[in-house]
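The structure follows.
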């Protein structure tokens, strides 16, 4: 997809399943992603928007589910996802202290598209996810405006830039520069071929814990750079899962809970310090907002088919995290704080990943 | 249905919706209930079995959900219900210390009907619910045997006896004799007329809290009998919900969570002492045990239809609790412990319920 | 407390326990409440702020818990409450489409008080609760500004105005005017006398369901006013619980789950349409933000003491809802939509509540 | 501890933390483990008992928590653990179809020790965990008796045999022979040195997924043995966690949720087919069964201390799984079904683990 060099370009092949065409969440038909990146002096932050489908999401909702791996975070909108099993807005990622602004902007965006909200129908449930980029970004300045959000929403495409971009601009991962990463897997079942897509906003981990496909690369690197003291991990990651697999919200929840298997294999111990949340949706069924006079019929896989989805999400999550690391670039940010790029260190110390 | 005098026969009409034909959980097509009653000297206990449908439940599972109102209880089988959203065995009610025996019996019953369990397919998830009848019953004697369970399972019919019967034989309610009660409501929607059925095993509450359709009958009674000291409530109730409404497991969970509205209106404060659990199932869809080569399609109501189900379950639960009270008979049990019948006290003190 | 005529002034006495001095959430030492009310033409909305204690909440957190009765709502901050068991900001109530602004304002308020947030320590978790006041208020206009929030936070006192005020300005209840209500109960235990305080933002229900202390006042009223067609309920309520009882977060969760017993007794069937959320905190223990070199010791009641808290919260919630109804005033709002005051109708039709 | 050759004896060192003295759950003071092993013809099953402390557990309960990784299982007792945050019986592990018998036996064991149960106090909550050993064991025969359970309970010691023993006798892991494994880690904090102990009953996985400390040993082995077709994984594991760390039940829950990080690093994708449940307890505080006239005070670590526990449980779980594999012996079981021993294959194909 991207001209960025991704983890597979280093010879690292995660798991057993084939990837989708772009190896991206946008391999799921209808899903697009947009970024706004702010990178200037003490400001290194941004917004990333994910559109689950290209129609009117409020009128045609998607089956959705959320899962909290670690709740030391401020993600908004999960209460309603859990109760109703649907998503009715795009998903926004940004920095922790900008969630109010992002929510306000997303509400405004939805009101403009749906004149009946607050008049003939009820309200709308904005989905805002966040990580804390305070190390590289002056997060207290809260520089994100509603216009940034509108721009990210307008910018979306099926081509996803990774690394130091959008909400990932100021994020860290395994003591290196982190940010946005994505990957996908194909699931071949009797009744069709489906796609599992994952996009992560990575912002967790200490260097010595990093493993690449089982190899203790982080420990090697740490020895190489003779780092004296490891920082404390503040452990946050947002994982967005899109699929066209026909699933009930219960099945989708089972699937997204397994994202942690891939995350764990990159070395995470899920530290206390911040929020780790998974939001998933399936594009297989559109649930109408307006009351129907008949029952809905929702297609769902037989439970015996689900293991393939469990494998797919683990692999895609592991690869998306590694993509977020390997594509990120060196950043000098707030007060001179800096984080090296993984790819630069690999080159400098002549380390191989495979 | 029964020749027993029920709460409606006292002029008490709960709520706004019509009842089903029998005003019983068995108004849901295919549902049957059976009791085994042990009532002798210090032994006042039993088993109640609910069959959700009359076919092979293991091969044709039903969508199901459980909800814990108060978890100070030992109900078995809810972990799998929550994970898979289905029920695959009958539901048993009995006393707390007999759950092991009941589970063992239900496993044996299922193995006999399904020779492939433990050979070509996996295992089976027995559903056992319980309340503690230690006041009237020598619960430590654990008199329930596997044969009692088999008998209850064999005995089921669409005609439900209430009060001092089956698992309800030794139970208390609002300091009076409690036990088994049932009720149902019709739900008229654009796409059909559906039934919500509830069966309770009541074993909670202190007299002065009892309300009958809003009337503080318990406080009146307490004054009448000049009871000096109220017992401590140990607060347990099992609520079984059957319906033919087409719902997803998420929707069913929303519905069964509302059983507490009816329970609360009888006066319960949900004390700490024991388990209050709701198990619900829908007969609208049968989920095949064996893997299918195609996707399943599950009919479900539009969410805007669900309020009628919320009203139905509240009303049916409130009425089922009152039916369990009003049909129960005076029992002298273990060590001479006794509990009066509500109906006897009403007559003795010439109290009206409406 | 207030010169407003409350439900007890109509001879209605809910439950068995004594009230606190003000019969208000502010009977819990240190708790204060502030309102900003906007009432002009099409705008009938506002903000209500609850301060759990008067010190620096971020530095000295309180044990807290949340419980979702119905998740069709947009309340923010519960993920972290559930994970960490603490609250670290005031609680804000406002209208649904203003949660973004309210969150942004509360973040700013916290940043000003705590210069280390986003520098030497992590971020902060704002608690924003909402109901939808679209019937009387032009909710799409999103008239709430950050200044309104700051003013509500500055205005707090131990004297709580109820009814058509603050976040309750545009809310409905049982087809009448609803809004803010509060109540409290004393809990006498071996080791001390404690207070349970409840404040509600009521916005749910249809008239014919309303019960006052068991009496079907709503049905009576409905007959009296010959209303032809009942509106659909959109069912939302926010319940804030404060107590000085020493409890663990698990115990607090058990307690706040029981708020629904009181809510149910006013007639609610918990309809699908909006969010019903309980947030509770205990002032008994302050949890330091900064790492300690020793273990913390948290006092908690023995589980056998907890029934009194279960009774207290049910009673206080029931009475708070009734207070929100009886104190509310007639409002003509957006596009001429209006809601009568309960007290006016009682007078007009000469109905008695007791 | 054991004379069995464990994973460290093969040069495999998992993680960064030091182990306890025995590298076993019994490094936590007071914890003992006992097995009964049945191994004859078609019968390969057993019982494992864990005693959390050596006193009267019913009278002096321990803070406890449970976490369901995958709920396709029949573990009993978790509802009450979640509600009350305590454990009051030993923990039993056995095969899936024997849970009824095991529950009945554990109830009898508790009744004998506590004459007041069912008389002057309420009931007791037995904790029974299970995996399905149907491949090697004739699980339908349900050969486990109450006497086996009593024997396991009587047999406990601080010396733990691993592999093909107790409840692990008939279990599989990564298509090899699995069973019982244990490990521990020390946690050095400002206020003391604490121990995290883990014991697993492993019964999941397919060979090609197995990783040993990141190395894809399973894929290598699979190539070596030219296995044509991989079995379907039925994915079950029970993880028992004991610690002397002073924690609240909420903190303990956060900790035991992280067991999955270690499990994932051995290669598991958490397949649908069976139950994966974690039960944890802390020996730091004893909670009295009988009501106290004063408040309890529970010591708990500051949340900032908890990352060390997160690291410890991940490492101990990973190592316990590997210990269960490497200590297991070749078994020919029901109908000639067999599973090779990992250690035998390593020798046969001359594979190195480090």
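The chains carry the letters A, B, C and D, assigned in the order they are written, with residues numbered from 1 in each.
We take it that a residue touches a chain if its C-beta (ideal position, glycine included) is under 8 Å from a C-beta of that chain, and two chains touch if they have at least 3 such contacts.
Just so you know, these numbers come straight off a predicted model, no measurement behind them.
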item	value
Between B-C and A-C, the pair joined by more C-beta contacts	A-C
Of all other chains, the one whose Cα centre sits farthest from chain B	A
Inter-chain centre distance, chain B versus chain C - centres from mean C-alpha coordinates, in Å	33
Distance between chain centroids, defined by C-alpha means - chain A, chain C (Å)	35
Per-residue overlap in chain C, given as positions that touch at least 2 other chains	70, 83-84, 254, 273, 303-304
Chain A to chain C touching residues, read off their complex	68, 70-80, 82-84, 96-97, 99-108, 111, 117-119, 122-126, 132, 134, 138-140, 142, 234, 273-275, 277
Chain C contact footprint on chain D (complex, rising order)	83-85, 190-191, 246, 248-250, 254, 288, 291-305
Touching residues (chain side chain D, partner chain A) in the complex	16, 70, 208, 211, 214-216, 232-233, 254, 257-258, 260-265, 268-273, 303-304, 306-307, 310-311, 314
